[in-house]
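Naming follows writing order (A, B, C and D), and every chain is counted from residue 1.
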Amino acid sequence: MDPITTSTLCIGGIGLASAAALAVAEKYLSVPQDPRIGKVTEMLPGANCGGCGYAGCADYARAIVADNAECNLCAPGGPACAQAIAAFLGRAAAAMERRVAIVLCCGDDTEALRRAAYNGIADCAAAQATAGGDKGCAYGCLGYGSCARVCPVNAIRIANGIAKVDKALCIACGKCVAACPRKLIKLVPAAAEIHVLCSSKDKGPAVKKVCGTGCIGCRICTKLADGAITMDGFLAVVDYAKPLTNEETVAKCPGHCIRKDAPPPTPNS
Amino acid sequence: MEYLLLIISAILVNNFVLSRFLGICPFLGVSKKISTALGMSGAVVFVITIASAVTWCLQTYLLVPLGLDKFLQTLSFILVIAALVQLIDIVMKRFAPPLHAALGIFLPLITTNCAVLGVAVLNMKEGYGFFKSVLFGFAAALGFALALLIFTGLREKIERAAPPRCFKGVAISLVTAGLLSLAFMGFSGLVK
Amino acid sequence: MKPEAPSDLLVISSSPHAHCGESVTRIMLDVVIALMPAFAMSLWLFQWQALRLAAVCVAACLLTEWLCRRAMRRASSLSDGSAVITGLLLAFNLPPALPTWMAVAGSVFAIAVAKQVFGGLGYNPFNPALAGRAFMLISFTGAMTTWSRSPWIQKVAYAAGSATTQATEVAVDAMTAATPLGFAKEALKAGAPMPLFSDLALLKDFFLGNVNGCIGETSAAALLLGAAYLLIRRVITWHIPVAYLATVFAYAAILHLVAPGTSLPPHVHLLSGGLLLGAFFMATDMVTSPLTRRGMLVFGVGCGVITMLIRTVKTGAYPEGVSFAILIMNAFTPLINRATRNRVFGTKKECARS
Amino acid sequence: MATIPSPHTFRGGIHPAYNKALAAAAPIRELPLPARLTVPMSQHLGAPAKPVVKAGDTVAGGQLVAEAAGFISAPVHAPAAGKVVAIEETLTASGRACAAVVIETAPEQVWQPLPTFPEWRFTDAKQLIEHIGAAGVVGMGGAGFPTRVKLSPPSDKPIDTVILNGAECEPYLTSDHRMMLEHAAEIRIGAEIIRHILGARSLRIAIEDNKPDAIAAMEKAFQDTDGDVAVTVLRTSYPQGSEKQQIFSVTGREVPRGGLPMDVGCVVENVSTAFAVFDAVVNGRPLVRRVITVTGDAIAQPANLLAPCGTLYSDLVAACGGVAGQAAKVISGGPMMGFAVSSLAVPTGKTASGLLLLSPKKISDFSSQACIACGRCVDACPMRLSPAELSQCIEADDIDGAEPLALMDCIECGSCAFVCPARRPLVHHMRRGKAVVMARRAAAKKTP
């Protein structure tokens, strides 16, 4: 037999034998898995941020298909992703609005004082556990960046001793919310532009002693905000369920802690 | 004595990864954690040993009688090894789910691992008998496992190191692998 | 308006609030001090060659360290003194006639590739000086194994040659330009009889350093003096050197008993090559050796076995195995650390493994 | 009664500069009653006590102001008679905020005693335990574990040895030392009450060999005590006062991992706690004051002061002649395990054994270089952990990697950081890692 025929037959034979063995094995021995799980995994953004509460995107996909989990839990994917998955599985799409994280403190090192010299590891929880932290205000941002370190998309920067979230980058996974030992970070609707950037529940004079830009509980804003700002003790709190557009609240706040988001930067700035 | 030398040679002197530079992709890919490295090592030892046996049979009983071993060796070995790994994957998934859960993700990686093919081809080149082929395969796999474990240990250390940003990740791993290879050159010549 | 803060703030930090006062710089300084006797001996034995190599290596190491830190935009680390030690140790491991540019290349490799790329002191997995030496040994094999014939040493070498009763003229000639270990390896390869070095006067020369070898490794007495200082200052513990030397001694003794004709006596193994330098100054490098006492023993034994394997296996490419042995054990250090953790108080067996 | 050298010594430990001479010779002095007391509700381990008074109430000395809020909790009593002016949040020495009852002390002191048990030898153990609990007695060595809980081990864990902890291994502190010298007889009765309650066969008084006068005082006080009683002389080594290490030094038994002293048949009580037990049972006085060592190189006259719990540190400093020079660091407790505070407006509590003021030249900067793997922390750790590896795991946020290395077994004694040549804040890393693990465990418990 000429070598070409032999080799063709030989390789073909090995191939066929292997294929047959695999086919038989696949038929009799394989373990089934729902094919939709793979499809849904592909639809998710693959950030594996865990913001949905499951261990990564694949696990969330499994939960959606197998455990009937809600399909609008993926913050990075946003409404588009939720709708796509709902359409694919033939379920009703739940409404979802984009949210972003915000640090409710604006007492940076220019405005708020430190009451001690901290010598320790750069971690907010660790600083908090050391004599209650070095910030003069017991509610204010410590600025050691625990939130920035857990952020999967690097949306948080520490500048001048205070954390700030970049609204454009934030995927609302909620990791920073959990990381902040002082519970200063909240998830709010991305559409909201006016915020009370203070979390101090102390009375006015006590706030003034430690911070130049804290809420002193004067209530001026509550009258201007038409119910969108309510008082929690001595602290003004924005009710994000209601629209707050009156920019007079910003101008008239004597503590200068009601702030409007800066407009998104122009490309050349 | 001959067998002992064969084993020492395959593990230390002619280490597959560190001196033959075979099997680099799993060496770099699966060396982040000791537990996964152990899983990979187990899978490699398992597959290479079986592949040595199967390819030896293929060579001796099919290719050589037909006179095809000169040019069809690589092709048919790849085919058989790939099929073999897939088969092991399926069988293991069915009959030993815990083992599959431990090794499962590594098996596909081995399918196209040059170390497996390298062992098979070297066996034929050296003209080893069946037992020697299996032994060499086993020892070479152990050498791979040793290199992988050492490297994983080092990598866990350099994971926590502070290299300049441009060296983070694979770059620093390769530097480490290079230094490791440099160290293993001390063994050169010990066994021919 | 920022409120006024109190003028002198109290420091807050986690406990403990006390410290023993020890520092990395102090440890490095101690090592440098401990290396001084050996350096003095090398100046006496190799004269300006020793001075040249030491100066070149230290300067090149310091400069490379400074440049690397600058390039990485990190704080300078010259003050911790580790670069000086790397330079000194590297120089000690070089043959006296080595060209200057090679010494510079080795120093740059040691600091840049083996240390700073990983982030500097504490992060390097391999001992920088040894990595530099291994790099040079492989790159400049010829120059790294050429030994000068300083008048002093020639005399000693001839004496050593004549001590071997059946040594031929060729062997004596070879001996003048080889280290004792190199000579032994050649003899082993050629099937020639092994020099016995049984002469007491010769032993004295070994002790003082009157033999061929790298500039800092030949004088056992000076190295032991430095080692004693390190042990007294508790910079190092006895575990690694003792395990290392004991293993080499035991291995050599057994080999010598089994095959006296083809192996060197154990005391010669202990005194020759870079063993003492390696055992006390390089295997004990904190960064690259294990954490626990038990781990250190394992490390030392491993170094000893590998050293002897490289030295005594006939076909081995190198006559001396100390640097490679320590480098290889450096690679094992993370695994040894993992395997030799202490038994946690209140637990029955060694648990706490991950 | 015998004096025996300690048969074992734990492995590891350190020998810091003790600096005890500053205050060791100063006899205990009673602090003049401060005008205002800030009595924290959290002076013990466990749930903070619940106030039962309100602003405007008049209280007598020793009157209950807050009741225990759970099994592991302790009541709080008024240290002095006066008027409750506020219940407000205060920062305690440990850095946590808690509620405090602020009392303006009255010039005329009225005292409301608890019942007494002079015939305690014939009193039921249960009744004594209840009484000690009601008197708010907690461990005064530092942790503040409620003594009532310690004295009621489950019936399957019989106690054969009571160890009286007089080691006081913390540098600078001398309050227990002074107590042993000046109140040996009371401590002896307290110890016997504890032994009676637990039905323990043996009693050991553990004292380090750097306090020979305390050893002598204890020998004298216990000389005619029946049964297996001995003063065990410990080798001076930090942390001999740590419960687990001390049990090992005295009995050779290792408290199993995650276990309690009662698992090896032991109960360890501080000498000051023994005094508090005596005071509660024999005198009917709840635990409302303690001896606190005010010392350091930045205090004018180091002293051992008997002060009501709730005294502000500023009052203590004033009573010791004020600050000498500049105080750069104020530490509640000793230098090894004490808490640095950010101001002197912090109240004392039942566990505050010392107040340490250090000048700028005495404070250590923990500047955190990279670990050079010297292994000194591994040798120093009395729990035989690997602080070098643990801290690197935690630094890299690899808490999952740290947990199997027995992170939770760390007792935060500070030996590792003390010896670290790279000055790494090792304990701080451990604390952070432990806090993360605790939070995870709490979360896992909530959502099973």
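Note that in this section a residue touches a chain if its C-beta (ideal position, glycine included) is under 8 Å from a C-beta of that chain, and two chains touch if they have at least 3 such contacts.
Just so it is clear, the model here is predicted, and its values are computed rather than measured.
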Farthest-lying chain, centroid of Cα atoms versus that of chain A: C
Rounded Å distance between chain A and chain D, as computed from the means of their C-alpha atoms: 42
Where chain B and chain C are represented by their mean Cα positions, the distance between them in whole Å: 33
Centre-of-Cα separation between chain D and chain B, whole angstrom: 58
Junction residues of chain A, two or more chains touched: 115-116, 119-120, 126, 129-131, 134
Where chain C touches two or more other chains at once, by residue number: 10-14, 119-120, 123, 354
Residue numbers of chain D (touch at least two other chains): 339-343, 366, 370, 395, 425, 428, 431
Touch-based graph of the chains, sorted into line, ring, star, complete or other: complete
Chain B residues touching chain D - in the complex, by the definition given at the top: 159-160, 162
Residues of chain B defined as touching chain C within the complex: 34, 149-150, 153-154, 156-158, 160-164, 167, 172, 175-176, 179-180, 182-192
Contacting residues of chain C [partner chain B, same complex]: 71-72, 113-114, 117-120, 123-126, 131, 134-135, 138, 306, 309-310, 313, 315-318, 321, 323-325, 327-328, 330-335, 338, 354
Chain A - residues contacting chain C, complex: 110-120, 126, 129-131, 134, 136, 208-212
Residues of chain A defined as touching chain D within the complex: 115-116, 119-121, 123, 125-126, 128-134, 138, 149
